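In what follows, chain A forms one complex with chain B and a second complex with chain C.
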Partner chain A sequence: MHKNKYFPLLLITPFIIFFVLFRLLPILFTAITSVVDFNNADMNLVFFDNIKSMINDNVFWKSIINTLLIFIFYIIIKFLFIFFIANLLEDVRRKRLVLLFLYLPTLVGLFAYAIIFKYVFTYQGVINNFIEMTFGFRIDWFGSSLGSRIMISIATLWGSAGFYVLIYINALKNIPKSYEEVLILNGGNTIDRLRFVQIPLTLPVLKTIVFLSVVEMIALIEIPMNLTLGNPNQSTITLSYYVYIQAIQYGNFSYAAMLGLVIMIIGFIFYFVRKPKGEFIYEVN
Partner chain B sequence: MKKLILLFVFAGIIFSLSACGSEPVDLTIWAWNRNVDILIDAVERYKEEVDSEFNATVLSFSQGDIDTKFMAAKELNNPETMADVILVDSMKLRGYYDMWPEIFETFDISGDAAEKFVSSTIEVATINNKLVAMPYGIAPTYVFAYKPLWDTNVINDILENGWTWDEYKTVGLDIISNNTDKDVFMTAYNMRGDDRLYRTMTSQKGEWFMSRDIEVQVGNSNSLQAMSWVKDLYDSGVVGHIDTGDYKSMMINGQIAAQIQGFFLGGQIKSIGEDTSGDWILLPLPSWDENESSASITGGSYLYVNAFSDQTKGAKEFTEWYTLNADALVSGLEIGGIFPALLDAYEHEYFKQEDAFFGNQKYLEQVASNIHEAPAIFASKYNAYNYNQYILGQEDILFNDASIQDTLNEVKASILENAQE
Partner chain C sequence: MKLIKKILLMIVIFIMLYPFIYITIGMTQDAGWAFRNDTEYWFGDQFKNNLFYITAHFDFLRIIMNSLIVALSTAMISTIVVFLAAYAVNKYEFKYKRLLLMFFATSIFIPQSSILIGNLKTISYLGIYGSIVGIIIPFIINIRVYVYLYQLCFYVSNDLMEAGRIDGATEFKIMKDISIPVIKDKIIFSFFMLFVSSWNNFLIPMIMISKGKNYTLPVLISSLADPLSYNTGSTFLALSISILPLIILFVLLSKKIFEIDSKY
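This part shows the complex of A and B:
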């Protein structure tokens, strides 16, 4: 064994270099850019201008509301889905095979499946055919604010569902069988099982899933960009998408950096809300 | 001895200078989609015909990636990270120049050489009396008509006498009522996005969002008329809305009678709709008035040279050679369907060929016939914002029945406010 006290430091040096170069410096640069407009190396202090623009920018506030609403739909659909699938898979023999199928979309590029979803959710598409057969009406997914936000939530979930189901199934494995046996002996049904056993005993994992979903939503850009282009009536412009629009489409780097900083602050707030008692964030088993 | 040393030093300097001078040109070119293969072909031709030592790597990026690289390099004032020769869309060229003029190497094409191009392309690329990029391809807008849905006499009449936007609606309603067995539209787009109709109509008047001098054109009389036509065509069912924007599938299913689209569509429907070969014909665009030209160019591709490149001379020589070489451009048309901006190219035999897919029509000749009449449209650095505002406005007009005049005025006010910030 190496007894040199600096040896462990040497081992983590690659990580530190990577962290400083590709994490810390970009954050610092974003922070600087948000207060200074470089404009081809001519530096102008624009901190208050950016703050003022942000306060008066309707699209920015709209993007926050859009992101929040998409997150709410996303989290509801996600939990319904993972509870349903995880309990369904309990009795399935070829569980691993089913999980593999569920996990496959995670490996497909976001751009590719956003295009697929475009055709699936079109007014004449498969989803609407099914809805019409079952309920007798069609939904204008691309033409209504509510429809397009739900569509984005579903598309996002489709890409990550396998990952979350996997996390949740692993958490369920740690619940002692005796708890469920007691519930069955007392005549408990599936809802009781969820309510009194599964949810309370997997709460830390569920909280982690919520936190990871917040991170996903904050970074949500590819799907609205490819599926709806922010339409209809800017109702699917998310926070990150708006940063892209400002930076790349409009060339307002400084303002975009300020928006990026706001996103980072929102992320930090969620992190601290999530982690009030110093518990470790990734308790996934 | 002193003389001998001086002689050696002198010889050394001469040797190094000559070595520098003869160093072969090795460029990096950035382009997207079909342009990549076209430019690779151009590089090969340049090697064969001009300089066997010449070398260039054509890198394929998405247009969005190139935009990102430009913006990042501009923000960091880091032009060395950009390629030597870069493809740019006509809708972005002037905006990019406004944002970062220093990166644009200028060209000394004037007089006869400048007249070799479709005039509007030179107008777009000339800023402060300097040509900042070389025109390479243009996107003339035409009507791709599906003959089985049409009465042949109507087609012949349009080919002979042209038609107006009012007649386009009348003809459209007739076609729809004669084909009630299938969902037919005259033309179809995602009307919540860029439908091209408004853009095509206003481009025929040399207008879009802003003039060359950054005066807002949205909301003026031409803008109002164009948007009124779009609204009328949409409300009457002549123009259809497709939420996926996939009009091409509808075209090859025989559900679109007369799609208004850029020249590039010809190549695309050929590749996906082989079974419909012979059923198509290219018609001129409707015009505003019987006596007016219907010619419209709604886009174009330009090549600019990075002024900070250490091979500016070689990059300029290659770019000028290619954009002024009719054979190379026609080869590009064959490979990737980019319509040349060089008038000489239209004299090429390739333009006189009949095309079986278009019912043996000499469709290239047809497109080239009036393209020189197309006025220039200008896109400023505010274009992306203006464009987003127009889309919002049109969405409100078409889907929420908002007042056309009021909405266009709001769009105009928003565009003005953004430009003044």
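This part shows the complex of A and C:
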């Protein structure tokens, strides 16, 4: 660490300017909009009204439950996928090529997956044609709340699976070989290895994956917006999408800002839960 | 057992890449192709019609140029700004550094949608609402890339920098001639990440841009994908075109990315 008075400040100034303009000011404006309303020249305190209508708002509570449910489906599918792929990849010789193919889908934006999946999952789409060919029935993905939530979690997974597989495989590299040898000597199978060696020894990384998923989920907006539009029966309105609905479709900026604050508070809570001993999140990525 | 694993892996990769295959086939098919029971999942002959539909309704070349300009300039400015900040934080000690770091770190947990209202307000106060600049400047700060570049700076040895100082180089010269060459490849990779995230930027452009001449590709795709307008093929065409440059860049940079993946 070198001490120099002006040079580092010179380097960091542009970053701070942009950071203040497009991170701090928006937070401030969001907070102000949710507290006071400048509509009719004089300002009204709308904070308590907003809280009251939020408590009485069925859709708000529904959106929290939806986000939670999608999160649960997402986490389950994701971990199954990661463990499955990690197991398959174990003694592949050209691991890097495989990882390249797995990483490729993460480059495409979530909105694109939402639009593609809208066609793929329709009642007469390719997935249903395939299911009918093999099992003889069709699933109405868009008509049932369970189906559409699962669909959303699958679409989200498509945009991030490669990244998480990379993180997990890097964590697996650090497990000493001797652990596995002991397991094989004791006659353990693949499930045992997962349970007694891989999961316990990669626990910090798995926790990180869960926390990153939380961030992904509270920010989830592009997929419900393009894939299901919150249907059916409001069962896929996520928290972030509800902010968009209130702000852009209904024009309730003040209420939408309030919802934004709620998301922010959830994010902060997870940040402080996550924060390991006063250090920052640098070990995350 | 090994063979079964290999076949399974191939199936998984095929499924993961299937959306790309699907849209490539879909862009040569007519609008009803995606919604038939007895449809053939193979190439058709409607490519020209689909292209004609887009060019007749939108200024397609201009939209692609817009997307390129936005993504390239965001990535360029952002790489410079973020790298300088990460370098300064990693290599130098200055006042209020820890306070700054806390602000930077917490903002990774604040999703874009929660500060949507504030962001739109800031953008309109600055007078760039709805313009191309309005989708460049707000996205220059990228905390993930900041974190990544910050970690990279540990590769630059402090002793080497100290040696430069003893030889009488200025701090700027040390950065330019000693630090940057060491991690040049990885800075290029972060440029790529920023390009991708700007290229896929959807929410705020979608809300903000109403004029056809300022459209970017995501906005075009979302306006094409309206289920009431019967143009599945052209939607897939626009999607394929928006994905193509990412794949090309990725293949070109894949060697560098693989050096990274052990880290990232």
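Basically, the second predicted complex is superposed on the first by the 248 of 285 C-alpha atoms of A that agree within 3 Å, B and C clash if a C-alpha of one lies under 4 Å from a C-alpha of the other, contacts with A are read in each partner's own complex, and residues count from 1 in each chain.
One rule holds for everything that comes next: a residue touches a chain if its C-beta (ideal position, glycine included) is under 8 Å from a C-beta of that chain, and two chains touch if they have at least 3 such contacts.
Since we're looking at a predicted model, the values are computed, not measured.
Overlay on chain A: chain B and chain C clash in the combined arrangement. Taking chain B and chain C in turn and counting the residues of chain A each one touches, the greater count comes from C.
In the superposed pair of complexes, A:Thr33 makes contact with chain B and with chain C alike.
Using the contact criterion defined above for the overlaid structures, shared-chain residue A:Ile263 touches chain C, although it does not reach chain B. With both structures placed on the common chain, the touch criterion links A:Ala247 to chain B and to chain C.
When both complexes are overlaid on chain A, the residue A:Gln234 reaches chain B alone and has no touch with chain C.
In the superposition on chain A, A:Tyr119 makes contact with both chain B and chain C.
Contacts of A:Asn189 after superposition: neither chain B nor chain C is touched. In the superposition on chain A, A:Trp141 makes contact with chain B only, while chain C stays out of contact range.
Superposed model on chain A: among 21-29, 57-65 or 111-119, the stretch of chain B in collision with chain C is 57-65, the rest showing no clash. For the contact definition in use here, the residues of chain A common to its chain B contact set and its chain C contact set are 33, 118-119, 122, 247-248, 253. Considering their complex, residues 1-5, 7-9, 11-12, 14-16, 18-19, 21-31, 33, 84-85, 87-92, 96, 98-105, 107-113, 115-120, 122, 124-126, 129, 158, 161-162, 166, 170, 215, 218-219, 221-222, 226, 240-241, 243-244, 247-248, 253, 256-257, 259-261, 263-264, 267-268, 270-271, 280-282, 284-285 of chain A touch chain C. Partner chain A is touched in their complex by these residues of chain B: 64, 67-68, 71, 74-77, 95, 99-100, 102, 192-193, 242-244, 246, 381, 384-385, 388, 391-392, 395-396, 399, 421. Note for the complex: chain C touches chain A at residues 2, 5-6, 8-9, 12-13, 16-17, 19-20, 22-23, 26, 34-37, 39, 41, 80-82, 84-85, 87-89, 91-94, 100-119, 121-122, 126, 137-141, 144, 146-148, 150-151, 158, 161-162, 165, 171-172, 196, 199-203, 207, 218, 221-222, 225, 227, 232, 235, 239, 242-243, 246-247, 250, 254, 257-258, 261-262, 264.
Remark: chain A residues 33, 38, 40-41, 53, 118-119, 122-123, 140-143, 229, 231-234, 245, 247-251, 253 touch chain B in the complex.
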